[in-house]
Structure formats: C-alpha cells, structure tokens
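Have a look at the structure below, then the notes.
By letter and in written order, the chains are A, B, C, D, E, F, G, H, I, J, K and L; residue numbering begins at 1 in each of them.
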Amino acid sequence: MMKILVINGPNLNLLGKREVGTYGAVTLDEINKKLTAQAKKNDVKLEFFQSNHEGEIVEKIQKASGKFQFIIINPAAFTHYSVAIRDAIASIDIPVIEVHLSNICAREDFREKSITAPVCLGQIFGFGPISYQVALEAAIKLLKK
Amino acid sequence: MMKILVINGPNLNLLGKREVGTYGAVTLDEINKKLTAQAKKNDVKLEFFQSNHEGEIVEKIQKASGKFQFIIINPAAFTHYSVAIRDAIASIDIPVIEVHLSNICAREDFREKSITAPVCLGQIFGFGPISYQVALEAAIKLLKK
Amino acid sequence: MMKILVINGPNLNLLGKREVGTYGAVTLDEINKKLTAQAKKNDVKLEFFQSNHEGEIVEKIQKASGKFQFIIINPAAFTHYSVAIRDAIASIDIPVIEVHLSNICAREDFREKSITAPVCLGQIFGFGPISYQVALEAAIKLLKK
Amino acid sequence: MMKILVINGPNLNLLGKREVGTYGAVTLDEINKKLTAQAKKNDVKLEFFQSNHEGEIVEKIQKASGKFQFIIINPAAFTHYSVAIRDAIASIDIPVIEVHLSNICAREDFREKSITAPVCLGQIFGFGPISYQVALEAAIKLLKK
Amino acid sequence: MMKILVINGPNLNLLGKREVGTYGAVTLDEINKKLTAQAKKNDVKLEFFQSNHEGEIVEKIQKASGKFQFIIINPAAFTHYSVAIRDAIASIDIPVIEVHLSNICAREDFREKSITAPVCLGQIFGFGPISYQVALEAAIKLLKK
Amino acid sequence: MMKILVINGPNLNLLGKREVGTYGAVTLDEINKKLTAQAKKNDVKLEFFQSNHEGEIVEKIQKASGKFQFIIINPAAFTHYSVAIRDAIASIDIPVIEVHLSNICAREDFREKSITAPVCLGQIFGFGPISYQVALEAAIKLLKK
Amino acid sequence: MMKILVINGPNLNLLGKREVGTYGAVTLDEINKKLTAQAKKNDVKLEFFQSNHEGEIVEKIQKASGKFQFIIINPAAFTHYSVAIRDAIASIDIPVIEVHLSNICAREDFREKSITAPVCLGQIFGFGPISYQVALEAAIKLLKK
Amino acid sequence: MMKILVINGPNLNLLGKREVGTYGAVTLDEINKKLTAQAKKNDVKLEFFQSNHEGEIVEKIQKASGKFQFIIINPAAFTHYSVAIRDAIASIDIPVIEVHLSNICAREDFREKSITAPVCLGQIFGFGPISYQVALEAAIKLLKK
Amino acid sequence: MMKILVINGPNLNLLGKREVGTYGAVTLDEINKKLTAQAKKNDVKLEFFQSNHEGEIVEKIQKASGKFQFIIINPAAFTHYSVAIRDAIASIDIPVIEVHLSNICAREDFREKSITAPVCLGQIFGFGPISYQVALEAAIKLLKK
Amino acid sequence: MMKILVINGPNLNLLGKREVGTYGAVTLDEINKKLTAQAKKNDVKLEFFQSNHEGEIVEKIQKASGKFQFIIINPAAFTHYSVAIRDAIASIDIPVIEVHLSNICAREDFREKSITAPVCLGQIFGFGPISYQVALEAAIKLLKK
Amino acid sequence: MMKILVINGPNLNLLGKREVGTYGAVTLDEINKKLTAQAKKNDVKLEFFQSNHEGEIVEKIQKASGKFQFIIINPAAFTHYSVAIRDAIASIDIPVIEVHLSNICAREDFREKSITAPVCLGQIFGFGPISYQVALEAAIKLLKK
Amino acid sequence: MMKILVINGPNLNLLGKREVGTYGAVTLDEINKKLTAQAKKNDVKLEFFQSNHEGEIVEKIQKASGKFQFIIINPAAFTHYSVAIRDAIASIDIPVIEVHLSNICAREDFREKSITAPVCLGQIFGFGPISYQVALEAAIKLLKK
C-alpha cells in the first residue's frame, strides 16, 4: 500500500482559527480529514505532520526515505528562506510537491520567490484547501504511471 | 452543463513531436483526449484552443465571458512578458488556472517570473501532462463548491 | 484637410463593457464619437483603429506615413514591452502622442515604465476618456503652429 | 466662477531666456498670457505662482484648499525627489495635473521617474508650452463633468 | 489587570555578559527587573520569554492570543529573515511593538531591513535598555486610550 | 533646567486638519500641549518648531548647540532625501531622536529608507501622537542617566 | 541541393525606405537579390520571409524542420523580448544564425540583451547588409564541414 | 577685471567650528580670506555666498549670468540630490567647478554619486581648504587661455 | 590540553548515506574519527556536535566560551541566512573557522554569499572531508603561535 | 595591397591543445593558415598577433594606425573588463571586428557583456574557427565597398 | 629638493595625436614640459612615467616609496577596474592625486566609478591639460603645509 | 617526486615590508622558506613565482601543465577581475587552490566576489601566512589520496 507524507510548516496549525477572512474557516484537521477520505478511495495511506520548527521539518523529510512514496509539503513561511529544508528535499529520492493555500504571486514581493520549488517536482497554489486535494490527486496519478 | 476552456500558447502544438527528451512523447492531442475523458466523467464539456499568436489568445479569453465557467491556460512563452494576456485575464470574471508542463522554477532565470500568475486564481506546474489533469480536477472541485 | 489616426491597443475593445468600476462605463465607440465631433469642429478628419494584435498595429503605423499628420495611440499592454511598436513609431516621420486612460504611475510597478514614450512626442494619462480629447486638442494646436 | 492655480517649479522663471535651443523662445509670462486668454473664454480664473523654493511650493499647495478647484503644476526638478511636494499634493482634496514642457522619458535616466505623479490625477508632457494649454483644457473638461 | 508579553530573540540571553563594549553591562535580568517595577506602577503584569529557537518564539506568539493585551518583542537576528515570526505576528490580533537596543540603521547594511516591522504597530530602537522601557510606556499609553 | 527642542517637518502643520482618516484628528498644537504638560512634570522645558523649508530646519538644528540637551525631530518627507538635515544633525553634539506618526515600514517602498536615522540616536514610529510622548520619555530617561 | 531560410522581423520591410540616415538606402529586396546571387554561386537555394507578426515567425520556424538545413534570422525588435521565438528556435534541430544590421551594443541599453542569441548557433551584427552576406557565408562553410 | 563667484552649500557655515576632527579647524571666513588674497594677485575679484537654502543657491546661480566669468561651488549635501541646482548650472553659460573638502569617494556610499558633476566643467575634491585654492587656480588658468 | 569544538549544520548527518555522487561515500562519523586521530597526535581534544536546529547551534556556540580554544564549523545551509549563528559567533571570543565540503562558489548563485564568514577568522572549502582536516591543521598552527 | 591585422587575446595560444572537447582540435596556427589562404585569394595580406598581455595588445592596436585597413580581434577574456583595449580601439580610425569562437551569450553570465563591442564596427561569434573566416570575409567586403 | 612622480596610464601616449576633437591637440610631452616649468618655479623636481601595462604602473608605484613626496596619477582606463593599482597606492605612504583630462561623470556610465579614488588623497578632473597643472599646484601647497 | 607551484599576485612582493599593521611583519621570502621546509618533510618540491603582471601569471599557469601536480595561488587583486587568469586555470588539468592572507569577506564589498574561485578546487583564506601552509597541507593530502 502506497504511503504519502503531508507536511505543514509554521503557523498552519492556526488555519481556520485566525485570519478567517484571508484563509477561510477550514481548519487543518478538516483539510486532513478530507485528504484521508480521498486517499482511502485510492488505497493510499497518509501521514500528517505539522511543525513550527524548521529543524523538525528537516528531520521529518530526512526520515521519510524508504517509508513514503511521495511528500506533499506546504513550507509556509519557510518557502522563502529555508535553505535547510531545500537541502533536505534535495538529499532524498522521494518526489515532493510544494503546495500553498493562497496565490503567492499576488501577495508581498518577497513571497513570489520560492527557495524550495526548484528542488521539488512541481508546485500547486492558489486554490485554498483544494490545493492539497489536487496535490494528492497529482501524486496518485504520478505513482500510478 | 459546465463548460471549461483549455488554452495552449506558442510552440505547444509541437508537443510530443520534438524535444521528446525534455517534454516527453505525449502530443497535445493525446493530452486533450485524456482531459476530455476525465471531463466527461464529471459532466463537464471542454473546448480546446491552441495558438502561436498572442492576439488570438487575447481574443479567445475576451470571448470566453458568459460561455465558460473556468479557463485552464498554459501561456507557454507568453507567461513571461505578455501584459496583453494578463490584462485580458484580469478583464473577465471567469476564474483562470495557469498550468505548465515543466518546473519553471528549475530552468532559466527569466522563466521563474510569471506576469500572468498574479491575476490567475492559482498555478500548477511540474507534472508534465498530469499538470493539466489536476488543473481540471481543481476546476471541477472549485465549481462544485 | 488634416487627418489624424487614433490607434487603440489590446483589450480596449472591452472598454465600458467590463471592469466598469475601474475604467468607467464609457465604451470605445462613445469615446470615438465624442472625438469625431470635436475633430469636425476643428476641420480635422479622424480614422479609428483598434487591434489586439501587435503586428497589425505595427503595420497600421507603417502605412500611416503620407496619409496622416498625427497619430494618437493608446498602446495599452503593449506600452510596457513592444519594442516592435516602438521601432514602428521611430521609423515614421509623423508625430505621435501616447495616451492612457488611467494614471499608469499609480498602478503596478511594471506599468510605470513605457517602452514607447521615448520615441513619442509626448504622453497624456490619467483623465479617463478625456485623455483622448486633450490629446486631440494638443495635436490640433501643434498642427496649427 | 471656477479658479485654477498654476504652479511652476525651479528654473522655469528662466524660460525663453536661456537654453532657447532646448526649451524654445517662449517666456513663462507669454505662456501665462495665453493661458489667461484661454481661461477667460471658459469663464475660469487663473492664479500663477512660480518659485525656486520647495517650501514655498509646499505652502502654496497647502493653502490652495477651499480656494481653487484645480491645480496645474510643473514641478520641474522637484518632480524627481521632492517627497514634501508629493505629500502636500496628497494632503489636499483638489485634483492636480502634472505638466512638463519636454518629454521626460527621452532625457537623462533619472528624469523618467516622477515622485509626484502617483498622487496626481494625471500627467501631460512633451508638447512645450502647449502642455500647459491642454492641461487647462483637461481641467476645464473634468470640472464640467 | 492588563498583561503584556515581552519576547527576546537569539543571543539576547548573553546581554551584559559579552560584548559589553557594544551592548553595555546591563543583563537581560536587570532590564526585566526595571520593566517589572515600571509595570507595577501602572498596574500592568509582565511575562518574560527569551529563546534562541525561532519555532519557540512563533509558538509563544501564537499562544499569546486571549492572554495578553500587548507584545513587546526584540526579535534580534530573526528581525532580518524570519518570515515565520512575521506570519505569527500577523496572525494574532494583539498589537506588537518591535524593539532594538542598538541603532539598526547605523550598522551592517543587512540590518537596516526589518522583515517583521511592517506587521508590527511600530518600532523603537537605539536607546539601549531604555528602548524596552519606552516601549512599555507606549504600550501602556496605547492601552489607556 | 533641561531644554528639549521639538522639530516638525513639512506638511505636519496640517495634522488633524486633513487626511484625518489616516493621521487622526489630533492637531500639532494639541500634540504640543500634551508634550508641554508631560515635560513640566519632569522639569523639562520644550521649544517647538515646525517648518516646510529644509533650510530653516537645517539652521534650527545648527543653532540648537549649547541651548538644548536633546532634539526630537519628525523630519516627515525630508526623512527620505535631505542629506542637508542629516549633515546638520551629524555636525552638532546634541543627541537626536527621530519620530514618525505612522509605521514607515508599512507604506510606500521609498518611505522604508531613512537618510537621517543613521546619524540619530534612535528612532520611534508607528504610535501616532504617542510616538512623540515616548520620544520625550526616552529623552528624559537618557538625560537622567 | 541545400536550402536556407532567411527570416526578417518587424519593420524590416521598411528598410531603405525610411530612416535612410541610420540604416542606409538599401532595401530588403536588394539585400535579398544579392543573397540569392551569392547563394546560387554556392549551389544553395534561399527562401525569404518577412513578417511583423511574432506568431507568423514562430510558425515559419516550426515548419522549417525537414525542409531547410539552416536559418538566418534578423528578429529585429523581437530580439529583446520574444520568448516565443526563442522557444521555437530551441524546439527545432536546424542551426540558426542571428543577424543584425546595426551594432546592437552601441545603441539603447535594452538592445544589448538578446533573448534569442543563447539558443542560436551564433550572432553577427554591425555590418549593415553585409551582415546577411557573411551569415550566409558562415552557413555555407558550416554546412560544408 | 574678471569676477568669480564662490558658492558654499548647507552646513559649510559651521566649518572650523564643529567636527574639527574631520574637517579641520579652518573656518569658511579664513578660507575666503586666503582665496581673496590669491585672487588679488591674479587681478580677479571674488564674491562669496553661503546658504543652507537650496532655492537661494538656485537663484544665486541664475543671477550670475553676465556678472561672473566663473563659478566655484561646493554644493555640500545638495551634491547628492538637488536636481534644481543641477538644472540651474545647466541653464547658465558660465563654466562651473565643483569642489569638496573631503574625498567623497572614501565616505558613505551615497556620497560617491554627484548629481551636479555631469553639468559642471570639472570636479576637485579631497584637499581640504586647498581644494578651493586649486579650483581658483584652475579657473584663472582656464580664463587666461 | 587544548580543546576544539567541531560543529556541523543541517543535513550533514546524512553525509555518505545519500547523494554519494556529489558528496562522496565518507560518513560524518568517519570524518570525525580521522579528525580525532589527527587531533590526538597534536595533543588536542575534540568535541563533535551536529544539529539540524539553528537554535541548538546558537546555544552550543554560546556555551563554548571558556571551554574551547577554537571552533570549526560547517554551518551548511545556515551559512546563507542565519544571522542568529552569525551573532552567536560574533558574541564569543573564540576564533572560528568556517568549513565547507564543496566549492560553494561553483554552485547555485545563492550559495556564493556567506552571512557567517565575515565574523569568522577564515574560511576553507572545496576539499571534501579534507576541508575539515586542514581546518584542524590551521587551528593547531594558530594556537601554537 | 590591403593589410589586415588579426589579434588574439589571452589563452588563445592554447587553442586545439587543451579543452579540446569545448573548443575543438584546431590550433591557432591552423586557423591562421586557413585565413592566410583565404586572404591571398582576395589580394589581402594578413599579420597575426597573439598575446596574453593586455598592454601588448593595447600597443599593437595603437601602432596599427596607418599600416592596416582593418583589425580582426578576439579579445578573449579581456572582452569583459579591458577598458584599456576599448580605449585603444576607440582611439584609432581603423574599423575593428570583434570575434569569438563560442557563443558568449550561452555561457556564464559575465561573458554576455562585452566592454569592447560598443566601439567595434560589429561582432561575430559562435562559429568556432569559421568565426574568423567570416570576419575576414566581412572585412574584405566592407573594404571593397 | 622635493620630488613628485607623474604617472600616466594606457593610451595617454597618444594624447594630441588622435581623437583631437575630444582630447585636444596638446601632446603628453607638451603637458610634461609645462609641468616641468611650473615645478621649477617651485623648486620641485618631476619624474614622468607613462605605461600601457598595469604591472609596470604597479611596480613604479611600489618603488616610489622613499624617493618621492607625492604622486600625480592619471590611471586612464585602469581607473575603472585595476584593483592591483589601487592596492599598490594603498600600500605606500606617499599621498596620491588622481587626475583626469575629461569630466568622467559626463561620459559612459562605467567611467563614473573610480576604483582607485577611495585610496587617493583626492581627485581632479575635467580641465584638460590644466587638470595636471592644478594637481601639481595642490601637491605643492600640501607639501608646504 | 611531487612538484607544486606557488604563485603570488600583485603587491605581494611587498609583504612584511609595508602595511605591517594589516598584513603582519612576515615577508614573502619567510613564508616561502617555511613552506619549503614543510614540503621537504613531505617529499614535495616547491617552485615559487611572484608577479605584478597578469600576463606573466597567465603564462606561468599555462606552462605548469605536465610539470606540476598542484598549484597554490594567491591572485591578490587579480582575484576580483582577471578573467584571463580564470580562463588559464580552467584550461589546464592541474588542481588549483586559491589562498588569501586576510578574510576577504570582512573587507571592502568588491573583495567578497572571487572571479577565480569557481574554477579552482577550493579556497582558503583568513589565516595570514598559515593560509599557505594549510593549502600545502591540503594539496599533499589530496595528492596522497
């Protein structure tokens, strides 16, 4: 059975609890539940991990090797400066999809640049919680190939 | 019945015929057939349009208003300089998804910047032909909400 | 009798039909009618041309030589990257006035730079449809000198 | 009766007296006389103010509130660095038109950037003394709306 | 009774113990004692938190919601790159004051830019330990309004 | 008895009279009165000076030497380009505090850079009229040391 | 018999008819005649194509595959922004020589950068109509190797 | 008898009175006396003008026309931003020498760029008060030619 | 007996286990063993520390004071953005040598800039595991002086 | 009889001896022999000069005046920084053609900029040894005009 | 008796022989003769050195120590890139004056930046041959102090 | 027996003779003697070469091929602009170590960038004369592998 790791970066634990105007009222738990259901239908098992600590995310990625066939990651703020996470992604042989809730090209200038995207397989952003769902869809389709 | 317009920009008519090493052996027609099948399952009707002429794409976008519920566009080379296509996208009230076959963040420097992305709903890139399929998936999910 | 050519660039055919909040409810036809009336009073004949195709605008400018005493152009999106239109303007001996409806210095950063302005006689922007009228006024005054 | 204030920045008192090759032989007085005649025809009263002192222009703009319906300003050299004049323009509720004699996009690099234009209604440049006349024309047309 | 959270970033635990020439001989404890006394006089309760770990500061900010009326933060090195702390500050509805001991505009170039300041209420720097005291003063005055 | 000079730059004479939405309804006079009361309690005498003229501010700073123990200055627009005021501040031996009403890091790009801050003791901004009060507080605390 | 395609970009149809001072009095037809004669001597057949439309040039390049052994192109204005033409050149397996009449390094700053040159075999510029002749010479020599 | 105007910009009235460590103990008066003696020997008459007001310097330059054969100017802080003084210098037909006491290339980055130098005849800096003396020497030599 | 601390940053725990093609098959343990042997010969005692957490490295550096005579650090990804580690290095009085396995000037652009190097004694890179050995050699030689 | 000087810059003496993979196996001697034969056919005499010393190339160019009708130069590494060679080229009245073996736009970023090209007549690059031959061809054609 | 070394950089041996329109008809010999006469009057002995070789100039500067009291140098093209000459100047304890014939701020952009000026005492430019004379004047005055 | 070439660039012949405060009192001869002793112990033969002439260093590198197993180079000033030396290093198949006495990241901005480092094996800087010794150590270790 295929296993996919879903990693969420800093402040995403607050999803649906604060800044509801901007990010919507859906919580990370609700997103994860939807993803679990979607995964089940496709005979895929998901593991979820959220952390506000760069080092913990680095180590989670390191340890994914051999255990997961795909990683879906929303590095959140770390997207724009964490060379450590970039290096961790580059060091493993698991394909990684970068996901963002909002359209990062339509916000502050500094959010347009992703330090992690060049070492990921691809990027999906702008669709709110649906960004995760289509990332999962993409991962499943790519694994089936 | 929902209708979605799929637009492909310059040189994508060559897909699968040249530079197979880079872009794979799948032709645009084969991509479109797969998309049509996927759309059918979801009771969605697709229309396909490819052009190497910026002006034709601008006008196709202009005329989409009132006829389509979503646009999926791979502006290809125009991604990086066509303010005209950006303005056309901004002028209509249909949500637009930007799609790329390759990881545009992992190629030449000038491809990292998208002039069209800020006025689209979101962006999906890096998954080859599957980029289109998950874009369609995203569009359907968003329309169902 | 003096003849002046009025050229409008991409997406200006939508004027007054979409994004009414930003650009107002006046259509390009209504602008042109007002201009025709104003021209008549001054014994000037106007010809109007709108195109979403860069190449067509280039050729319209090329062919203006010997037929028109002045060109008023709103290059719209082309303002910011069309070296082809810039070169066309530079290649003819007819004075050209660049016009914009909105204040291009008060919008996105990339709109502040005009690639065409340095080879035009001058620029008028920010007054909505009145931008065209005062451009016509300027052309007439300059021709009378 | 409508009143419009016409402000001219540093070195414009020399107009028509020096650098005749570049700026023409028309003096500021002659420009003002022409403007007065044009204003009269339209039942508008003009007040003229020229200063080489940034502070005086700031204060003239501050005091315009309640007395004038429009300001036409050629900030000259101050265009490119006077945040003080920009702030003064932004602080009043009178629409302001920025005017230049020459094509500021076709001169030294540093003249292409206007620090004042983003807070003005619009900008007119490149037509010599006629720049002022069409600015007046624009102001009158806008006031009549 | 009002509660204010005082957060200090990396290396500030060394205050007064090293680089005495640059930062003075006052320790963080001594600063905190002075602040406590000042708070007491104003019927305000303070909580102090110092960490060299970005993730811990992110979480301290997240959990401040509902417990504190104000945050005073010296993000130290994190000022210049921690988008994660910026996002945490932006996600809560408590006003935040950024504080620095030294004049960050008079040091290395990279210290002049604060990534956190735009989402804070304001910034105070350059007064050594007194920076904290006037920040507390400001917080109290603002809360009293 | 200690004397502190409070200098306000261009357009601050309009405070509370215009753009009330942005800057609040408090006038400069009201700010000054509050400061005077606060100063009195601390046995400090204040002198106030507002000017829209860079040269006058330069000279006020020059003449402060020997008469004042501290200067609190809000250079307003001059913050971003007046090397003359910077040089005046650097030339005297009185410590200077730079103050701003608004958060200058959260506005237009060009306001983020202060040409005067590197030669001041420190900077306080973002608290509206309270910025001045805590600046006074800081000055008093520093003088008492 | 070897076949070479000669493509000319926007405004080159005006060659020898306007701006004679800058570009000389030789027309594109006269250049082509000279090239034809030169080709004949070397048993090479030439086909000429000029267009002011980016899309037409893209398609001409696409269709050259299998029909021509070499392309000589003067992309004119498109040199500096047409990623579409760059991508078309990169997508075919025919070697391409970029040609310019004038010294593009000795004109406006923006002309120094060629977006197409990196995917061409080489570049020749600055010799007026002779630029084409030596490009043909180079093509013939390279084909003979 | 030849007349030369010597203009000194903001804060130079403090010369020799403050920052003696950096600028030396020589006052502007003493510099002027030395220059007067040197001028006398060469049958040249000098007029001295110092101002902290940009507008006054602009007007002094404007009025020099016809009265002086040369201007020696130390624009001080204005060197780096006063387009108004630059335009004034460019508008007159008197040759101007720019002078600085210190080596402006060996100080803060922003002092390296002179906005006025391109319209002056030449520049002399780095020799303290002797900068003025050799500027006078240069002016005399040039006038004698 | 002299003591030297050897710190390794994020992802270096993977050394020799992944990306063997790029970084070689030597593990961090093997490097450390070699270093220990080399140290022994020189009567030096080594302590090794590896962490993927910026905060832990900051604190390890802070606590080195008084216990070690030298630090050898490979900050890995942190090299390029961790101002916190830079500040920690600057705050202690122990000399620090920065080490890298690969030639950081011959990789991605962003790796060329080291934020930590300016506060280190020196830098050694490009020799694979031997980088550490010569760093130890350098430390020993410097301590012997 | 016409004489043309062929200058080759640093490291070109190694041509065909090292880095054969990149630059091919043809030596500079072989290139020169081919050029001599080609010149002979056209009644042109060639002189060859190679140097790794900037100063020698400067002087060779200086002394060419009056002796040669044309210079063909491959400045190699000097292309990108030798203002001295640029000035030498600008100082003589002999037309100069800049030549490169490789496509300098398709290599490291710093090679894209030529400091010498703006003062040459034109540039030819990307054709290996054939670059020289077509340069000679161009020179001959231009001399015949 | 005081000795001053006068160094001239590349292409200055051509002075007065070529580009007479730009640099005038005076040769370097004539300049040197004038300087010798001027030196004699002041009991100063001059030595002249011109070279087109950077290395020779570096060594001439190195050997000046102990033999000369002053160096006057026109580094010509080397001004803009020769760190080697900069380092040579910085390594000796003789004051150096940088001289240029033309106004280097009024020419190509790259000439505005001097790499050598920050380590010289000062700079004099724009006065043609008189630049040298006033440099000598400055040197003499400074030596007399 | 292994042979290593040690190259020193411009101004390093002055080592220990001037700027003793910055570079220490050790001369290049003394450094070389120490290196010779160290080499002897390791059965390595050294050859030393110092030059202030870029061309001589280029040629020394060219001729090293086949004679030396390693090059240790301190390009000094040439580090920052000599593409010629970079190309020479790239053209040979001998590994090269770049060495600097001082910490080039802690000095002027322009010294941070090394044009030669990307084509060297690695870089060692900041340890004074010991930089050379550990470079020799590294070379020996690498040769022994």
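Basically, a contact is a pair of C-beta atoms (placed from the backbone, for glycine too) under 8 Å apart; a residue touches a chain by one contact, two chains touch by 3 or more.
Just so it is clear, the model here is predicted, and its values are computed rather than measured.
Path length between chain D and chain G in the chain contact graph, taken as the least number of steps between touching chains: 2.
Under the contact definition stated at the top, no chain borders both chain A and chain K. The two sequence copies chain J and chain K touch through a face in which the numbers common to both fall below half of the numbers used overall. More than half of the contact pairs of J-K, counted by residue number, reappear in one of C-D, F-H or A-B; that pair is F-H. Compared on C-beta pairs in contact, A-B and F-H come out with A-B as the pair having more. Mean C-alpha position of chain F lies 47 Å from that of chain I. Measuring from the averaged C-alpha position of chain C to that of chain G gives a distance of 32 Å.
Touching of two or more other chains is recorded for residues 53-56, 81 of chain C.
Chain pairs that touch one another, listed by label: A-B, A-E, A-I, B-C, B-G, C-D, C-G, D-F, D-H, E-F, E-I, F-H, G-J, H-K, I-L, J-K, J-L, K-L. Chain H meets chain K in the complex at residues 97, 103, 105-106, 112-114, 117-127, 130-131, 133-135, 137-138, 141-142, 145.
Residue ranges of chain A in contact with chain I, taken from their complex: 53-56, 58-59, 62, 65, 81-84, 86-88, 90-93, 115. Residues 9-11, 13-14, 18-19, 51-56, 76-78, 80-81, 110 of chain I touch chain A in their complex.
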